[in-house]
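One structure is given below, encoded as structure tokens.
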Amino acid sequence: MDLIARVRNWALARPRVLLVDAPGATTLRWSVEAELDRRGWPCAVSPADTDLLVVLGEPGPELAEAVDVLWSQVPEPRRRVEVQGTGDVAVALDQGRAALVRPAESGTKEDGRPSPASLLSNDEDEDAHDEGMGHAGHEGMDHGGGGHEGMDHGGGGHEGMDHGGGGHEGMDHGGGGHEGMDHGGGGHEGMDHGGGGHEGMDHGGGGHEGMDHGGGGHEGMDHGMHHGGEVAGLPMAMTGPDRDGLELDVLKVALGPVLPGWPTGLVLRAELQGDVLTSAELTWLDAGILPAAQQQSDSQGAALDRLARFLDVAGWPTAARDARRARDGVAEGADRDEAQRLAKAVARRVSRSRTLAWTAGGIGRRGSGGDALDRVRRWCDMASGQPVEDLPAMSLDEVAALVEGAEVGSARLLVASLDLSPVSAVSAPEHLHA
Amino acid sequence: MTAELVLQIVLTVAAGLIGVGLFGALSQQTIVMVMMGLELVLNGVLLAGGAAWYFLAPELPDAQVLVVVALVVMAVEMAMGFAVTVAFYRARQLDMIDMASDLRG
Amino acid sequence: MLSDLSGWAITAVAVLGVLSVAAGVAVFVVDSMARATFALLASFLAVAGILLALDLVYLAVVTALMMTIEMAIMAVFMIMFMMNPAGLMPMTMVHNAKGSAVTGAGAFVVLVVGIWTIDWPTRDTSRPADSTRQLGEAIMGSHMLVMLVIGIGLFATILAGTVLATARGRYDRFGPRLDSQRPDDPVSGGLRR
Amino acid sequence: MPEQTLAEAWGLAPAVLGVVGLGLVLGLVVAVVDRVVVFGASGAAVEPIRSSARLLVEQRRTTLAADRLLWRIGCVAVPTLALLSLAVVPVAGRTLWSTSADLVWFNAMEALLWAAVWLVGWGPNAVHALTGGYRFLAQGLAYELPLMFALITAGLAAGSLRTTDVVAAQEGLWFVVTMPVAFVIFVASAAAFAFWGPFAAPAAADIAGGVTSELSGVDRLLVEAGRAVFLGASAAMAAALFLGGDSGPWLPGPLWHLLKTLAVVAALVWVGRRMPVLRPDRTVEVGWMVLVPLTLLQALVVAVLVLNGFYA
């Protein structure tokens, strides 16, 4: 037993951490990231990859709900850590890891939170669930058909998650994604129940918008889709026009509110065809009760942070790491010259990279002036301490217009290249860094 | 076991593949599924060609060449099938054979 | 010549044969498109395994190679076009099932009768040391016409397939006078922007 | 059939175990080198083993309405195929099993890997994973042909599809001298098939890990190990096909091969980690429009040299 405990301790010595920074917790995130870098703890990119879920600051109700969903997707062993202030970062992380290593305590009940067992249980459990629902002819479950679960990590509202089985309506109710998903395994195989709105999904990026027979979310009717006729009492897939002139199936997705390098709390709702986003719509969670924007005191640090997050999305880990280190050095002020040198080096490296220009150039040019790359280069200038011109602010609607018709990857780069913070949902100022 | 018996077993398998493939090609409504049926038939041809080479005439390359031809036919069938399906779908939003009965001449 | 095919090889051939037919049946039984496609791939791989046991290394490996690529592409197409990609709605999309079954079974019976009644001329002939070399020398030598026709046929297929499948021609990309500097594509590729 | 295979020389089970062990070592080497470049040197040798252990204690993730059968098949197939592709790489002058079409075998394993990764993306029934699967299909399709032509070019010069023959044909001159384009494209395509480094778009952070986004526990370990092993196997193959395999002075042959493999891995990681992930819509066009003609041209040059008796 002792040996097992030791192996466990050794194996989990560097847990992977998923950071969720509530609005206003930016500087807190910086210090946590610096601490993680010191410890060599890697950052997770998806809940399945996570050991420690670290929530920074105080999320609003909608974001808290999203974090709960996220938490439900984290496999055991797992631990959730909440960090409120800069002071106790190291302590909280240590406690989190210590709890993670202890096997007995990593049960799902510890938080008193209803944990969707079917997501986390092992295969046997899931099978039991399937059978437990007792729907005859419920084959589809096992054939991997139905609901697109986990479409977005921490996908906001998780609506339509009925454990019962009957009608659950699609997306138009609040939160992000996870439509067609029910933990009990019931509802989304709607054909058996004939109940409420049912949005079954199909894989091909095709949104089987199963129209409900009972009422409920008549989504998709207004997309001018065609009905393929009815089969087994259920209408067939809805399709939508796409840029290639093929009317293929569409899938409704919600990106956000928690993704790597993504402004936490931002939710992008769109229809996905293949990997092309259409009908994009951007919203902030907790839009009504957002705290006053934290004025970034240190524009150079802020630029480096944004640069690091963009580089995360662009998949350039070494440059992102250097940008973070430079940011921390600038913020802490312990070794300013060194930090400045690093900041200049990384800024030069990024702004002069021809591969980055080749791969990320030309995204989002349609809107106001420059493309994503120009904005990133502007940050590089800011990061190396040069004065830059102010950019006009960009509202969420403008961003959504840019995202329209982009692939998921381009959309991610585009959003990462913008300075979106929750306050811009109301007044839309881009911070003036001079 | 004699060579003839093994040959007959392998050929029976090939015949099974051809039979299943024929059923699929004739019964399925979706174009792509019809193509899968045809692929199965050709799969049987592959197998029969290989068995013929091994058991009947290994000194001649003809059976091997036949298998190569069958493979190429498969590739062509797939490519053209998908091209036709895409064109068809683009024009009419359908992918089922029965919906195109007006093409009957 | 039977010494070539050991007991193990015969067993492998029998098992793989059953597997290939079972996978072939599964293609039309499973609900999910992805599963149907990969069942077909399993059938191909089983046949490739038999070919491997029959000393046809190159053909076996090429079958696996080509069919894998085909099936991966097929899976995508299937999911694109089928309203029932993943068994969400179990439904049968067949017509004339009975007639088809009779035809299929009939073809099978006729073939089997033929197979088991013909007196196959199995001879103890010399086996080439390298079946791959035999094939290569054939299609580059005595059977070169086959290779030529195959080459032309594949090239024609590439052209015809592209023409059929795309809705955009050069006038869409470069403007009515073909004088546009940059092609007007939905997504700019890596070469021209 | 001049030389023995490893299976004949050592017995089947020891040979298979040996090759599997070698594959795991190569995978570990790739992971360690990668880690040294990305995170610096501290404890790099231990870290991949530690994260493997971490994944072993982790629970496997199940998602709703997953196509569990295909998902698990895909997860298991990825490392299996990576190891199978190692079966035709010469180790100490012998391959685990020798066919008359080794190069095509390697290529076929790659193609199967392609399908397996798509299954990993399809299986969990989640949008990010599926997007990753699509990306991998597009990427694999565009890099399949350049890789095939690069392999064939080496076979062309050696006049054989057998890897041991290819190594033997390089006694006078390493093939990399006359076919540098094929060498570079082979290594780059191998990285594309292992969706590693600049070709990691199918598993990139912008889609939350893509095909790997829903993997945890053993499943993730299998897929990640498969990627690393495949990259290691490809490096060993590149060393054998283009860098003369185990030829070299003073040191024993296998050590030379290992050193060359390490050099290829180091160069690949060093170059690959200097750039961001390349988006597939950019790389795919390069694959079709540049790399395919380039490899064909390379094959043409080599064919002319062969006819001139250059390699004889």
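Every chain is named by a letter (A, B, C and D) in the order it is written, and numbering of its residues begins at 1.
As a convention for this text, a residue touches a chain if its C-beta (ideal position, glycine included) is under 8 Å from a C-beta of that chain, and two chains touch if they have at least 3 such contacts.
Computed from a predicted structure; not experimentally measured.
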Ask   = Per-chain C-alpha centres versus the global one: which chain is nearest?
value = D
Task = Consider the two chain pairs C-D and B-C; indicate the one with the greater count of contacting C-beta pairs.
result = B-C
Task = Average the CA atoms of each chain to get its centre, and name the chain whose centre is farthest from that of subunit B.
result = A
Ask   = Taking each chain's centre as the mean position of its Cα atoms, how many Å separate subunit A from subunit B?
value = 45
Query = When the centre of a chain is set as the mean of its C-alpha atoms, what distance in Å lies between subunit B and subunit C?
reply = 7
Query = Just curious, how far off is subunit D from subunit C if you go by their C-alpha centres, in Å?
reply = 25
Note = Cα centroid separation, subunit B vs subunit D, in Å, comes to 32
Task = Could you tell me which residues belong to subunit A and also touch two or more other chains?
result = 140, 143-146, 203, 245-246, 358, 407
Query = Hey, what residues on subunit B touch two or more of the other chains?
reply = 86, 89-90
Key: Shared interface positions of subunit D, touching two or more other chains   = 67, 69-70, 122, 125, 134, 281-282
Query = Once bound in the complex, which stretches of subunit D touch subunit A?
reply = 37-39, 42-43, 47, 50-51, 53-54, 56-71, 122-128, 130-131, 134-135, 198, 200-201, 204-209, 212-217, 220, 273-282
Inquiry  = Give the list of subunit B residues in touch with subunit C in this complex.
reply    = 1-4, 6-24, 26-33, 35-37, 39-40, 43, 46-47, 50-51, 53-59, 61-62, 64-65, 67-69, 71-72, 74-76, 78-80, 82-87, 89-90, 95-98
Query = Contact residues on subunit C for subunit D in the complex?
reply = 32, 34-35, 38, 41, 57-58, 61-62, 64-65, 68-69, 71-73, 75-76, 86, 129-133, 187-191
Query = Where on subunit C is subunit B touching in the complex?
reply = 1-2, 5, 10, 13-14, 17-18, 20-21, 24-25, 27-28, 36-37, 40, 43-44, 47, 50-51, 54-56, 59, 62-63, 66-67, 70, 73-74, 77-78, 81-82, 93-97, 99-101, 103-105, 107-108, 111-112, 115-116, 120-123, 125-128, 131, 134-135, 137-139, 142-143, 146, 150, 153-154, 157-158, 160-165, 167
Message = For the complex, give me every residue of subunit A touching subunit D.
response = 7-8, 10-16, 40, 45-46, 48-49, 51, 73, 75-77, 118-123, 126, 140-153, 181-183, 185, 188, 203, 205, 251, 253, 259-261, 272, 274-275, 311-319, 321, 353, 355-356, 358-360, 407-410, 412-413
